[in-house]
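Presented sequentially are two complexes of chain A, the first with chain B as partner and the second with chain C.
What follows is the complex of A and B.
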């Protein structure tokens, strides 16, 4: 055992060996997926390579490029051999959508420390903003214009969805600023429920959302004449938006605003005393977090081609929260991992276990009551995850790390500045 | 329009009062825990729901053993409510022990305790659903009805501008039991040694522990009383409204919390008042919203109404109607 560990350490020490091992891993799992095209396990192992990549001692740019190549080329290419190609890509799309949403909630909860329990409302707002105008629904109340709008407007609607959701974030934010700490959780929960009830009932007196019937036959997006309808195409849209969101979050995290959020989270009064404008900072967190959610809402509506209020319940809000807690509050890679784990658990693992159990009871005659089916146990599983992680691993799967400050460089720079200032002073 | 509203007023008052006292007792659970721990115990609504299911189970058991015909209904009811109350009280103590005490010891941020309480609420909902579905095949349970004799309040004879109102026998029971619970709780908190210890811990935990008060035990007792009251109210709810499902606790819990905030959180008498007021307002809205807005908004907006009250109170008077404003210290 120890010799094996030593061998592993020896391999891990050298960078070249790491690269070789990583490539071998991708090849083996990829080959596994080609040979066993319907095996979910092989698909998940291939996705797991992204996590391995994160821990490899590699330069950052090369890691990003490798990751992109795996996600954009290798995974779609290999799974296209499989009969369940569209299912895999559907899972990929959902992971992309929920990752972006979880990153949005991470700004509100993880960075700014404001617990939002109605986050799905912004997703709903984004989804409905596309659904209403890209179906015949808008013609029922809009006095002008010709509906449904063509699929080409989808790309504009991504921005509109982000904007409208951000607007709702600010509408929610304005009262929130006066509410302290944990009351905030209840107010946001109430807000989420209000939005859901409104969407469910706004079919009279003016039919805006078509009430509980939902909005059907939403126009699929159109990319230079190509109608986008399958999950494998939406996968790329979700991936692109996801990359944009990661870029923005990465930039924001270490910006002035990002540091202000963390200061507000750690101590509101101290932050205010240091001159951080509380109102602006919190509003920015709400608006930016909501806008990610709104963008993905548009993609969701276009992908499903149908929206109704049942997709936007309190449970969904909490599941996004589970992603953030599971991954690690404030940690960007952690939240992405959390979202992927939760979505894969929901859509793949639980359904597979349920199917396996029912086939077991069918072939061996073991009676397994339908109440026991793990698919129905979502609440229990996510509830337990929340409790366990809150109690025993508050920092999540991948704990948040603050950026290290290069002290030597800072000293050098300040010395240079001081030097310049003194020499400049001598000149004048 | 106004005449119509006034005509229906007696019925609205009766329905509102029934709902209001249920909110009031559940609100007390929130307010007691918040007063002591400054924690919104999200799981409390589900403790209420668990209580109603335990009550239904015991009632079904009694029915199976033939007690329901052998004993007077009132005695069966008292046994059921006491069993449900004790069971949920112990459940509350267990929740505190498992989910909140470890966090308190670690001095974790408040956000984390809130998150565990959401987790507990999910676990309770799903466990109850699981057991109910396993036993009966359906998670919506219709309780055997007792006390379903209907009375008519002949308000029309006394005041000709009112319509008559009807109510079930269980209405009187709900009202009587909740009033007994509220009064005895008020006496307990204000007159007994344990009540004094609870108030001391709510005021300042560290100083209370210096005064030889066993803080952890006081917190356990608080959870026991709050949860037992909640569970007992669950039984009342089951008897009054008949059908129960594992998800009743969520929305009712939030409304009860609204009631607690309305009365000033941490203030027990305030929670009672807030609960009754919220129940009356909600029933009034449910009955008259459609008349007032000429059919634009129906009774389905009554939940929105409650949430808007919550948000307005939190914005304009966060200390509630009877609470004291707190200044946050550094």
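What follows is the complex of A and C.
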């Protein structure tokens, strides 16, 4: 990736040229998206502009604003001209949902160094907390209140989902944090499965989750009287939550709590000797990571209008973990890229290759067994990806970098303070 | 005045007695050395003071208050920090961040305030960075501020451990073999640093060390452990001529043959 950046710099030595090239890139891909009939590639290239933006030599604030404009205005606007507008927005929504989740898992795995293989459980908890109360389901066991709750409560449920998931994070954390490393991974894996099986079986004696039938006809969110039902609308909800999550992660990463997480990750005994409470710090990682997942669970339930336990299998936990490892553990831009790559691979690239192969086999009469279609080989492909990364690029696509401080400024400020202290001393 | 009192401290691992019935009184603002052959129980002793191990019996009193039963982070909050024999830095964090972690317990920046970007929280963090940088200058590591701690040379890592420990503003600093693996020049710098810590920062220092030259030079008082037992205590000149100490180090008969 850096060699790509170097090449880019060679072509465009001046900042102005870079900007012009970047705008041209966005325009060309955008135009392609409008003009080409099946424009998945153009759509992907347009999204790729965000990655280019990340590497452009540009001031940070301007980058953020440009990125925001591309995601919030240009991508939806241009896609709306294409035939598969809703499909693209669906992909965008999914990327947003999984990015937030992967960032949550990144706190647990990347910052605090706690391997969690059952992370999807918190997503499930968030999804079910909205699904139960925004459908007729709650009426089956709640002694009071009228259900389903109106769509306007969706916005409160985003917070409730975060809170409930955080609570589950703590409930899981208290017993589980006695074990470390591999044992922790196994226990969290078990927890993920327990939650899924519980949700699948809690239809008797009291029917809370409707068991394997799942919960259907979930009320769509309501925004000042507008019912939100299409992917293009959910795209904005996912984008907003995603931005909030990025903000929280970026701020926490370099805060006192973030340093405590990394200290615990690097050396537990030394961290404790420096006055860091181990259990509290780890629980905070579990709770905050889980809460992101819970929020997106609520969005997921509202978007699908139907939830059942099959959406929260072990495979999903693994995929979120793949996003984190592929992107780069502990690296915020890396994890976002990892999540985007995995989702796009899953929903766009693999399906397209499968379709292409089947059309090929139809026209040329070569029989390809359905079991060999790339869509069905997801696990194999992600497994291979993980192996390749473990062998050749252990730090992920965008490796984590510690934030550097401006030493010259620290030197200046420290000298100023020393001066103040000495002159103050002379006065008294 | 004694800042730390250790009464009849014993630690047993199953049938093995690592330390037995150790009693020490550490005077405030003194430099005390704990010496003894390998396996004498010195590090176990440190681990009990810092609550990594819970003593089987006996008591540890800091200014008259018992530390037994506390968690390691609580002991640190009471004002006892340490360095480690096998260096334990936060290798994937920068040198500055390592010192900032040392300041953890004195920083009042709650994460909710961080998220809300409250001005006083930002100021606390800014000042913490300046203070951490000053500590780096003090231990002579300011030119590595942004380097990952794991990339430092051995001697520098030892000094960073001391820097991180003093960032916690301890009352008592435990140094576990601070000069191990250092060349004479580095040891001299370290000696100077330890003296300096005592006078400038008003800390009480307890150190485990094998470098006898260093020990004899800087300690006010020496305790000698052998096979988990306290075999001698006294001023450096008393220890130097103590028969049992020489025996413990050189074996029985060494004194008679001289």
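By our rule, the second predicted complex is superposed on the first by the 412 of 428 C-alpha atoms of A that agree within 3 Å, B and C clash if a C-alpha of one lies under 4 Å from a C-alpha of the other, contacts with A are read in each partner's own complex, and residues count from 1 in each chain.
Please note the rule applied: a residue touches a chain if its C-beta (ideal position, glycine included) is under 8 Å from a C-beta of that chain, and two chains touch if they have at least 3 such contacts.
Quick caveat, the model's predicted, so the values are computed rather than measured.
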Practice task
Check the residue A:270 against both partner chains and state whether it touches chain B (first), chain C (second), both, or neither.
Solution key: both
Exercise for the section: Based on the superposed arrangement, let me know which partner A:183 touches: chain B (first), chain C (second), both, or neither? Expected result: first
Problem - First (chain B), second (chain C), both or neither touched by A:407 - result: second
Practice task
Could you say whether A:386 touches chain B, chain C, both of them, or neither, answering first, second, both or neither?
Solution key: first
Problem - Partner touching more residues of chain A, whether chain B or chain C - result: B
Exercise for the section: Please indicate which partner A:366 is in contact with in the superposed arrangement: first for chain B, second for chain C, both, or neither. Expected result: neither
Practice task
Answer with first, second, both or neither: which of chain B and chain C does A:251 touch in the superposed model?
Solution key: second
Practice task
Could you tell me if A:60 is touching chain B, chain C, both of them or neither one (first, second, both, neither)?
Solution key: neither
Fill in the blank from the handout: The intersection of the chain A residues contacting chain B with those contacting chain C is 269-270
Exercise for the section: State the interface residues of chain A toward chain B in the complex, per the touch definition above. Expected result: 109, 113, 115, 117, 175, 178-183, 185-187, 189-191, 193-194, 197-198, 200-201, 204-205, 269-270, 314, 318, 321, 325, 369-372, 376-380, 382-387, 390-391, 394
Exercise for the section: Note which residues of chain C are touching chain A in the complex, please. Expected result: 50, 52, 71-73, 76-77, 81-82, 84, 88-94, 96-97, 100-102, 104-105, 107, 109-111, 114-115, 117, 125-126, 129-130, 133-134, 137, 142, 145-146, 148, 164, 168
Completion exercise
So, in the complex, the side of chain A touching chain C is made of residues 247-248, 251-252, 255-257, 259-260, 262-263, 265-267, 269-278, 284, 402, 404-405, 407, 410-411, 413-414, 417
Handout entry: Footprint of chain A on chain B - complex, ascending
Key = 38-40, 99, 102-103, 108, 110-116, 118-123, 125-127, 129-130, 133-134, 250-251, 254, 257, 261, 295-298, 300-301, 303-304, 307-308, 310-311, 314-315, 318, 328, 330
